[in-house]
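Alright, structures below, take your time with them.
Two complexes follow with subunit A in common, the first pairing it with subunit B and the second with subunit C.
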Partner chain A sequence: MAKHFERKGRRLLGFNLQSWIKGFFGGNAGLSIVILFLICLFLVLEAVRFFPSHHQELKLSQKSGQEYVDYVIREADEYQNLVSFTNQAYFQELDARFGIERGVVDSFGVFQGMIEDDAGDEMDGLEEARDEEDPAALKEAEAAYQAAVARIVNEADRKMVDSFGRLAENDEAWRSVKEAASSYDAVEEEIPAFVEEAETKMTEGMASFEEAKALISSSGVPLKDLRSKLVKIAASIKDDAIADLTASARKEALLEGAEKVEGEAREAKLAEAGKIVIQDEFPFAERIKPIVAAHGDHVAAVATLREKIQEGIGRLPSEFSSEPAEKLVGKIRKLEPKFIEALDESIEESGQWKWDDEIDWVSSVTKFFFGKDWTTNSEWRQVYGFLPLFTGSIIISLIALCIAVPLSIGAAIYVNRLSTKWEQTFIKPAIEMIQAIPSIVLGFFGIMVLGNILLEYSSSPWISWLPGFPITERLNMLNAGMLLALMAVPTIFTLCEDALNNVPRSFSEASLALGASKLQTVNKVIVPAAISGILAAVLLGLGRVIGETMVVLLVAGNKISMPEWSAGLGVIAQPSHTMTGIIAQEMGEVSSGTLHYRALFLVGLVLFTISLTINVAAQKIIKRLGNHA
Partner chain B sequence: MPEKSSATDARSVQNPFRSLSSKQKVRDGIATGVFAFFTYFILACVVLILGKITYDGAPVIFQSEAPFVNTDFFSKSPMTLHEFYNEDGEMIRLDKDDFDAYKKANPDAVIRDEHTFSYAGGGILGPLVGTAMLVLFCMVAALFIGISAAIYLNEYAKKGRVVNAIRLAIMNLAGVPSIVFGLFGFAFFCFSPIFPVFTGNPDWEKSLLTIPLWPSDGYLSFQGWGNSVIAGAATLAVMVLPVIIAACEESLKAVPKGFREASLALGATKWQCIRTAVLPYATPGILTASILGITRVAGETAPIMFTAAVASKGKLPWQDTEGSGLYWVSNVLTQKVEALPYHIYTVSGKLPANEALDDMRYGSVFVFLLLVIGFAMISVVLRSRFRKKLKW
Partner chain C sequence: MTETSVTTDPAAAPSVASNEPIIAIDDLSFSYDLGKTNTLRNISLEIPAGKVTAFIGPSGCGKSTLLRCLNRMNDLVDTAKVTTGRISILGQDINAPDVEAIELRKHVGMVFQKYNPFPKSIYENVAYGLRVQGIKNKGILDQAVEESLQKAALWGEVKDRLDSSALGLSGGQQQRLCIARTIAVKPRIVLMDEPCSALDPIATARIEELIAELQEDFTIVIVTHNMQQATRVSDRTAFFYLGELIEYDETQIIFGNPSIKQTEDYVSGRFG
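Right after this comes the complex of A and B.
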């Protein structure tokens, strides 16, 4: 009987056709599993190798004194900040008080330049004629020069000459400048009295501010000098140390190369290899001496800075004609105590700094995960601190969820329980369709439209009281969060709707039969029964938002720094960078195997872990809480 | 006092079927209103976004005169836009080709105040072709491997812990951010020296193994694919693979067990059973899944940013490619390509805001959106069609 079902197909290598087919499918399944496994493997391998290289880099920057110099750099940068605020305030005030005068002086200066450039030939002719003392020629040359100047003055556009537009309204001043320019003798280089007067007025009016400004900008000169001196020393130590580290490898490579070639080439290679000195140990102790010795200078420079800048800030005027200047000076006054405190701290810490403290490998991990700075494009030193990227991603995701969760849960409840049949048939596919909108399109919308809308309307009085409003930057976390909310909506909505759908009909029927209203049924029966599904939906929404790349790359502002927490809830209006954004932005420029490359892989691994954890957690929640429904 | 308490008692045993109190009705009404507002607010946002892009993008694509479509936009690649004023002070904008032709045609034309804008002129032929190539290669690979893997997992593999674990792993990988796949593709397909290319001059430093192919003077060099169409397509394929496997398995599972049992009972071999009793009924689901896969792949930017895409290329991939036969194919496949989403990223994210660029920006976004949403619509329509047709 069994013979009927037996088939004898052709056999190939001992397997029949069926086994081959099974093998084919099995092979493909195996291949896809291998690929998926390889993803994890590659990520982990590249990412883990970051730590040893990072450790080495940290050790090098400690032993070369870069760490110490960083204290000086930070102090100088903060100081520079104050100086630039002072300068801004100065020019704002100058414009407010002596805008016309400044316009006169500047415009006349531009005219001067134009006359010297465009009427050069006529000027030469005039000079020659004056030397020759020939009245006829002199007259001719004078006429030519005056014609040229008149042409220049006539052609010159008011806006072009006065690049700040300060003379745009003031016809009288503009006419005087034109007259002054027309009668200007470029050969004698005599500045007309009218212009000189304006200049004197400006200098006298701003004298006290000018003095304070000069004090502030001179206070940091020793520190800046020290900075440029130390930077050079530390950089050269580091370069030499790196050369020393690779010396033996280079020597080996040269010797190996010499084996392969004959004659002169061999001699040359051997000679070159001979030049490379392999030291037992790089003499860090010797080389670092100037940096260690500079601590005294450092303390002195900071003391000068402290004293002078306090005096300078004290001398800043307290009454202003310009509002921005007043604000800026207020800001400087507010920053001053913090700056002084930071200086003291920095001096104290740098005093305790030692070049030969042992750095353990744990710090190469903690410095990555808790570092607040991510600098990769500087020649000075590469710093990999993950914290700003992480906080950026988290804040943006939280903003997105705060918007998306109520909207999509509300919509799911409405569509599932409260709407008409007809509404269901079009709302559901419409919201699901949002998923098909590519993220780059949303990012595009954010950069082209939403940013401008936020910028424009956030200052209108009915919403400007919101934290962070009015917004000053077009691209910021709020903008990105709003767009990401839209991306999270379909995910959360669909899953929520499913969860609500899965609540047995008898639950709601029982509740309604007891006399509960529709809303009571939803609130007290359906939502509690579907809560596991809703939680899972929110988690998966978070997973979608945190892994999104293009929107944050385009819209979040890409500024790598910790948010300024002092703004309270207003941090949402600040720009930031994200984990996904940094990979997308920097991966294209790194070469494989470098520290930077591995740092990006480590960021990728963290992202991967986060999204896996979220997925697994969502499944667990459904499993654990979903049983009673 | 006792009167009052009896009154409350009476109220508490009121008719349970009474209509709602007016307070409750108001509360119900408000809550329903809020939920409805949320729903329509979401829809309004979508309409606003799509509307704005259509409003600014459609005029770039469509014209009021025959042929009604801006053919230049689809037949040229992105190039520099020249803006200048002619003798009469009229502003003229021409892309680079037209500008060169214009200068040649009127050698003594007055050109004043000339400005150039990169990427703002021409059309989007190159990016369209690049995206089509990426999607095509990606889907061929992903569907081949994905469907086979799904068939194996669902039909052949013994049900048990291992298969469940694999299924779980696949499901979880479907939620991994696309940029992570890009990272993997960059390390694996672009730089792992296990992927071969046919080339005349191999990269000796990178190459793991170089086999001279006699009698031609080329080599088969295992040096990785570099940043290229094929590496990008492979990266995208890896990205959609979990999605496709999961969706195909779903549609295979939806075929009733009775079909298989009946065909096996009639003496069909396993393969005959799959081919005749399972696949025909799973095809609609698989088709829907693959179109959804196309939507996802075409819309992704992050994985191709550093595996395949280039901002500007000037030529189509098959133009001016050296070599012949196998070498030509290999050279075409190992080129970088322009891709529509990356093009959008370049013109909107990397270049400063400028009114001259707006046509290019909105035009490409509009076309891109039409394509992607079109595919998504097709899959939705197909799904509902098949659902009506196939019922058991």
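Right after this comes the complex of A and C.
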């Protein structure tokens, strides 16, 4: 009997060609799934292990007293802010009132320095000649000295001597300074009366301000001293505690190493290993005592600060010649009550602080997600607070969407419904072309061009009323948001255009036939019918923007701190850091397995979760609301 | 807002003497490609007011094209152009530069071959034409919706579910909703392009009944492929072939005793 259905073709390992090809493609698909799974697994494992280490770090910070010292540090930092505002105001005012005098004194000082540096030999000669009392030699030496001084003074660059240009508009004063410098006797160090007068005028004129400034500067001295003392203690406790934690491991390693070497090296290793004491428990209670005992000093230092600074601020002048100085002092006066309140709060909280309160593991989670500081490269303490990064990413994305959504939806509507065929043929490819701009190029553009344009034109009167304007930082969230908007436009535009395209022609025909205008048709029929697609487009645009790295890294300003909400909508002009930016910036400096390394992975995991959620939501929306086609 | 301020009120619309045609097409040629080839050639035709006029002819002969010339729906095609002749509706040249297509369409409504209600509620579908004219008064809208649905013989079936989606209705109901939507703006003329071709025989019969009733208030122009339907609903019939008007007369004459051989062949089913 003939076989009709016999399998044909050569077989390899029991499979024919068809099966092999099928297996190849199936294998590829399977491989990508397995790789995805492995990446997710790795990400989750690395990220989740952040929490135990973080918990450990938090416990150490508490038991070593760093947590307490942080109160002192924060107080001192805020105090330092006020001091620097005061100094700025002082010098602004000084410049405004005694600019010429200051110019005279400073320029003369520069000449003085130049003479001492460049005419040193002539000065020595003069001094010698004077001692020897030989009139001829003296004359010669004097002549040489004067010639050198004259040369120095005449050759000096005016811009370098009067480096702040205080005398730029006052040639007379400049000439006087030059004359004074030419006839200056560097050996006797006799300051000319003209310069001395200017100096006296300055000191007398600024006397009351100076006094207030000195009061403010001195008010925090005890607190600053206390800070440096406590910082040292806490840091040494922590270092020792860490050494203790790793003691047994180090000892083992040394002993093991000793086995491998001979003679003296071996002896040395054994001796070192012998020195390592393994304690049952690190004596935190003993070591923390000086910090606990310092609370009294702390309260006293803050009391001094409080009293003196209030007096100092009270004595600041209330009339100014300089507008910036007036503003700065106004700012100081406004900050004062908040500063005092914060001091009181800080003292109260630090009074209740305990070194041995139990820290539960939940706080290692909440301190990460709600912490407002991210400090990694300080020797003092590592702090991982995710909130400023998250906020930065969200604000930048919102700025980008606020710009990109109307732009791209408008463009999509125009291209899809209102434009002529001819316009379509170039608008669509042009918008899609934006995608071809590498993000590094955009970032470069943001730094070199857009930042400067914003900086320069944001103060022009017809836009300076906008929130956050005039802009003071070249790199900020608005700048980054604008560039990201540009990157989001093609995504949103293309998807929106698809969504609009999916709305059946018959809807717009029906609407037009009822006497609706094209615009009414778009608003009342087409957009509502395409709304699910449009929403999905916006969401995917958000996903695009939130995951973008290069532009934000370059342009957002990379300042890790919570935005100053008091600026209202103006926060958009502040610099910030982002989730993506921090990973890109810091991954180079972390070593595997450290707390910092895991923190970055955790940020990555959060980012991944956000992107995933956005994508799933977009798909759900499309499915749920569906297309009415 | 009072009823009289609504521009679609027939009383306010321009009127023609009863013996004058409501639509007068004179030597019309029309092209979809800027005049290179004429899809319609030298068509002259007068459509009387208050009657039902049927357009018949084999597929591709230009019936829909002519119909869409009457409310200038062809404006949507960038390259469409009337090459010669003119169309007057209510005595006015509708392609004159001072005519606004949007205004024209308020007087010349259209019902499409495939029912196409908006993905909105039944109520909003019917109210749409009035809303785009800026009417917001709930009383006027309610009244217009009820009146139009009643005229479209749909009120009884939907009055309890006005707020539910129009897409939940049956095909026949959706087509009647489209008719209601069209007549809600009170046009003088209703153009229908094969309104029953997507419907089953029962739904078709209901639409045909409806056309007979609507005839009292509106001038109707209907395109159909169905000879029986043309005889049942229309007063006059125009037969087109390859973009030309072959014969135009009373429906009985066209189907009973046409004067041109081509017409006779077509209506008796020998070609087409």
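FYI, the second predicted complex is superposed on the first by the 584 of 629 C-alpha atoms of A that agree within 3 Å, B and C clash if a C-alpha of one lies under 4 Å from a C-alpha of the other, contacts with A are read in each partner's own complex, and residues count from 1 in each chain.
The rule is short, and it goes like this: a residue touches a chain if its C-beta (ideal position, glycine included) is under 8 Å from a C-beta of that chain, and two chains touch if they have at least 3 such contacts.
What you are looking at is a predicted structure, and each value in this text was computed from that prediction instead of being measured.
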item: Contacts of A:431 with subunit B and subunit C, given as first, second, both or neither; value: first
item: First, second, both or neither for A:36, with subunit B first and subunit C second; value: first
item: Touched subunit A residues, subunit B compared with subunit C; value: B
item: Which of subunit B and subunit C A:448 touches, first, second, both or neither; value: first
item: Which of subunit B and subunit C A:226 touches, first, second, both or neither; value: neither
item: Partner chain in contact with A:515 - subunit B first, subunit C second, else both or neither; value: both
item: Subunit B versus subunit C as contact partner of A:535, first or second or both or neither; value: neither
item: Partner chain(s) touched by A:504 [first = subunit B, second = subunit C, both, neither]; value: second
item: Partner chain in contact with A:405 - subunit B first, subunit C second, else both or neither; value: neither
item: Subunit B versus subunit C as contact partner of A:418, first or second or both or neither; value: first
item: Overlap of the subunit B and subunit C footprints on subunit A, listed as residue numbers; value: 514-515, 517, 520
item: Subunit A partner contacts - residues on subunit C that touch it in the complex; value: 71, 73, 76, 78, 102-103, 105-106, 109-110, 112, 114, 116-120, 128-129, 131-133, 167, 178, 181-182, 185
item: Of all residues in subunit A, those that touch subunit B in their complex; value: 4-5, 7, 17-18, 21-22, 24-29, 31-33, 35-36, 38-39, 42-43, 46, 406-408, 410-411, 413-415, 418-419, 427, 429-445, 447-449, 486, 489, 493, 514-515, 517-520, 540, 543-544, 546-550, 553-554, 580, 583-584, 587-588, 592, 600-601, 604, 607-608, 611-612, 614-616, 619
item: Residue numbers on subunit B that touch subunit A, as the complex places them; value: 16-18, 20, 24-25, 27-28, 31-32, 34-36, 38-39, 41-43, 45-46, 49-50, 52-53, 144-146, 148-149, 151-153, 155-157, 166, 168-173, 175-184, 186-188, 191, 238, 241-242, 245, 267, 269-271, 295, 298-302, 305-306, 341, 344-345, 348-349, 353, 361, 365, 368-369, 372-373, 375-377, 380
item: Subunit A residues within the subunit C interface of the complex; value: 420-421, 504, 506-507, 509-517, 520, 524-525, 528-529, 628
